[in-house]
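Both of the next two complexes hold subunit A, though its partner changes from subunit B to subunit C.
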Partner chain A sequence: MRDTSRPVPFGRAARGVFDLALEGMVWSRRSVLMAVLVGLPVVIAIIYRVFLPAQLKPRLTPFELYGGLVVFVYLRNLLPLVALFYATALVADEVEGKTLTYLLTRPIRREAILAGKFAAYVATTLSLALPAVVLTFFILLTSRGRAGLGGAVPDLLRDLGVLALALLVYGALFTLLGVLLKRPVIPGLFFLFVWELVANLPGYLPRLTLTAYLRSLVRHRPAEEGISEIFGQVLPSALCLEVLAAAVVVFLAAAAWIFSTREYVMEQ
Partner chain B sequence: MPIYEQTYRRHEARGPLRRVRFWPITREALRLILARRWFLALLAAAGLPFVVQVIRIYVVTRFPQANQFLPVDGRLFGELLAWQALFTMFITIFGGAGLVANDLRTGAILVYLSRPLTRRDYVIGKLGVLLALNLAVTLLPGLMLYLVALSLAPDLFWKWSLAWIAPAVVAQSLAISIVMSLVALAVSSLSRSARVAGLGFFGLLIGLEVARGILYALYRRPETALLSLQADLRSLGVALFGLTERAVTLPWAYAAAMLVTVSIACLLILRSRVRAVEIVQ
Partner chain C sequence: MTRSRLVVLSSLVVVGVGVVGALGALYLDPARAAVGPLPAEGLALPSDTRFVLGFDVRRFVDSPFYRRFAGDRQGPGRAPAFVDLEEKTGLNPERDVDRIVVAGRGTEKGPEGGIVLASGRFDRTKLSRAIETQTKGVTTKSHGGTTVYLFREGSRRGAAAAAFLDDDTLVLGSQPSVEATISNHAGGKAPLRANAGLVALLEGVKPGATFWAVGDQSVLSKLPLSLPAPGGEGASVAIPPVKSVVVTGDLDPVVALEMTGEAADARAAQNLADVVRGLVALASLQAGQRPELKELASAVSVTTDDTRVHVNLRVPYELLDSLAPKRPATSSAEPSPGAGR
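Up next, the complex of A and B:
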């Protein structure tokens, strides 16, 4: 018999919440929407490979296009949006559906609830994004035969690591916004599409963004245009990893602390 | 009266109390949105490009040689509206994402449509909210900037050759506001969550723009602009204000045709989603 005067152990509680949250996240219409969004580069790769070369001569090689898709599409636009979509909903969905009460009245620690939900977010987004990147890579890089494919695979593995790190760090930030604010979407969009542009400025300012660190970790950077061509900085990889890891820990710790101390009043 | 004469009777209720039936919907939604401090902050932030352009005109009137590197002509208004179009995205999400989605979630749409209101009244009422907000950040600053330009630099702007500016500002503002509002309402009607609808609207615009950017980088074809609503709106701006944008060289008629098609598609979505019945599966 379990000692009912004590909460369920952290690991078991987090696992239970993870199972519950994963089921709700993976098999939902929202995930179909996100799969469509994340699959957009795959469609572009198919267009590049199948339909257009006969009529139009592309200006980029398959590897250049792949690099552009990873840096500009996945890292800069799609994955942050996916993170915003899922991570702000971790608690907001329960509040909106007025089901948070049922979770909070269980004999489990609040940190375990957040940990389980965040783990479900990571599993869902990784299983959506990484296969799409691998598919894009192979569709593009096999379009002119298999020569040079083996040499590019280490780049693919590194890209997968960077994209997973992007989902982690943006997810942690938006989880924090989700527990901190009642309406986190607009501040999140402002952060992504206004503040993150600071990464293109000179001096130390790019170090105040997340995208500058993530972009620096990608080895094959496509040529940029405009202001980012002049000021685009490449930060040392070790520094990037340290800062991003610290950001994940700080954001998640802050989110867990706020979630465990905050009183939620359901709107009638 | 014999029983066989008892057939369905015509509706005999009194006529509607007012001719403009959509107005209470618009008014109440606007009242709720404008009560939010964050929204007011967003509206204030949307005024920044206007202030920057006024300063630009002022600098040129004080130092005429600045006109060489800060040209002050009709293009100024096109640049202002290009900035304002970005703000309309945020304002549309803030104000419009939940307009239909929340009514679908709470069942309020059944209450609306059980009143002497038609679906058209409902849609026009909700559309009025977004049009008012979007025109407040496009048409209003655009026309105000024109008035400021006329008063600060009459020698530069008080000419027949520049009389097209005001109609161009009106046309571009209406295009931006109508398209953004209709797309946001259509997306909102496809979801029961304001958050999902807001992110869906943003994802749609960003996704299409990213696809356009990649295909343009690949093939340098102007037709790629047809893919993106933002690029179509910029094509109109290029034609109306004589802006130069390398990536957008699509003839304005194609862009306008695409925007009209998208608007009609949004109206069809609204027609199918806004209904006074709820199908429970």
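Up next, the complex of A and C:
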């Protein structure tokens, strides 16, 4: 018999919240929209494979197109957006739906609620993104037979790791924004599409962005034009991993602290 | 199991199957080389090798570059040297040679230290007979059971040598280098692995490149350390020393060249990148006379990565055509056979 005067153990509580949150996240209209977005590169890969070589003289090899899709589409745009729309909603949806009370009145620690929800976010977004990347890779890299496929495999493995890391770090940041702000989406969009452009500036400023560290970890270096090309810099891999890991820990710790101490008043 | 967990599990299965399939492709890749792009027989090269460059002949012959610039490969436009070579030896380099690897040894060995490994499908009998009967002053000797053909034996520069490492690999070079390679190969030795610096550079070569080259500091030390400055009057621009260089190139679908040079430190790398950017800027200044040069300059991108400088060049074939000297149109300008009579 459980001692009802003490809260449910952290692990059990987080797992329970995880199950509940996963059910809500996977079967939602948001997931349908995100699946369509994340599936776009797969469609581009199919179009390239089926139509383009016959119609147009391709300027890009399949591997270059794959690299471009990973860097510009997944890493720079799609996955940060996916993280923004899921992670900012982890708590905000409960507040908006006025269902947070039901969670907070349970005998579970608030950190366990956030941990379970964040784990559900990670499981959902990885389930959406990684199969799409694998499919894009195989559709493009097998378009000229098996030649060159083996040589590109280390890049696929690296890309999968970096994209998973991108979902983690952006997810942690937007979870923090979600517990900190009432309307976190606009500041999140500002961060993604204004602040992150600082990554293209010279000097030390790119180190204040997340994208500079993430794009330094992938090996694809698509040619850029203009200022980006002139000032493009690649940061050392060890530094990138250290900074990104620290960012995940700091953002999640801050989010957990704010969530556990904040007073939520449901509007009637 | 809930429906949501089933979805997550299905996704994991897709990723897992993909990763296992990809690893299988990596393991079974027929082009999988011993170290980076270097074939297994390349490991028999001497450990004091200072640079290695490779050339994938099959990719080159299949490339749009070759189709554009080599003319009619099998018809009357074929190079006479190739026709002659095939008649005498049965060897058609475009058809029979798969890959060429050139290695250079320490600078103290001079040009005599060079070794060439050619892999492909050779008619050994016909090729051996051609060497023996049609080459002047050739002698043979056996080295560890392998026949070595010696050319210019007794000359001051030393004899050049050629031998079959196996049915598919021909080795050419100076006699000591060829004999050392044969001994290493026969003994199953891989002395090149002892050259950790060069092996590390080889492992960094982009897979599947049509041509590639790696070299260490001893080769690059011969390069000039300054360039004449645009102002003239003895002014010069210092080039920071480069510790190693890796070059890879592709010819399909565009001519692409990727060079990575490693400088002593991040500041030297930045300086080197600035020098390259300056040269590119100079090229674009010539655009007033030749606008296509501006396009060529914009095809170059220079980035730095800590102590490394990456230079990428991507030139579409249309641009190459515009840079090539214009040939007079023969069909319309040529007088008809009956004209002028």
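Here is the rule we use: the second predicted complex is superposed on the first by the 268 of 268 C-alpha atoms of A that agree within 3 Å, B and C clash if a C-alpha of one lies under 4 Å from a C-alpha of the other, contacts with A are read in each partner's own complex, and residues count from 1 in each chain.
One rule holds for everything that comes next: a residue touches a chain if its C-beta (ideal position, glycine included) is under 8 Å from a C-beta of that chain, and two chains touch if they have at least 3 such contacts.
Computed from a predicted structure; not experimentally measured.
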**Item:** If touched residues of subunit A are counted for subunit B and for subunit C, the larger one
**Value:** C
**Touching partner for A:T61 - first (subunit B), second (subunit C), both, neither** = second
**First (subunit B), second (subunit C), both or neither touched by A:A152** = second
**Message:** Applying the document's definition of touch, where does A:L37 land relative to subunit B and subunit C: first, second, both, or neither?
**Reply:** first
**Asked** Touching A:P202, do we find subunit B (first), subunit C (second), both, or neither?
**Response** neither
**Prompt:** If you stack the two complexes on chain A, which partner ends up touching A:V134: first (subunit B), second (subunit C), both, or neither?
**Reply:** second
**Request:** Name the contact category of A:P107: first (subunit B only), second (subunit C only), both, or neither.
**Result:** neither
**Asked** Which partner does A:F72 contact after superposing on A: first (subunit B), second (subunit C), both, neither?
**Response** first
**Prompt:** For subunit A, which residues lie in the overlap of the subunit B contacts and the subunit C contacts?
**Reply:** 58-60
**Message:** Taking the touch rule as given, give the residues of subunit B at its contact with subunit A in the complex, in rising order.
**Reply:** 38, 42, 90, 93-94, 97, 193, 195-196, 198-200, 202-203, 206-207, 210-211, 213-215, 217-221
**subunit C - residues contacting subunit A, complex** = 2-5, 7-8, 10-12, 14-15, 18-19, 21-23, 25-29, 31-32, 206-208, 250, 252-254, 277, 298, 301-306, 308, 310, 312, 314, 316
**Prompt:** Can you name the residues of subunit A that touch subunit C in the complex?
**Reply:** 19, 22-23, 25-27, 57-61, 63, 123-124, 126-128, 130-131, 134-135, 137-138, 146-154, 156-157, 160, 216, 221, 223-225, 229-230, 232-236
**Asked** Once bound in the complex, which stretches of subunit A touch subunit B?
**Response** 30, 33, 37, 40-41, 43-44, 47-48, 52, 56, 58-60, 65, 68-69, 72-73, 77-78, 81, 84-85, 88-89, 92, 96, 183, 185-186, 189-190, 193
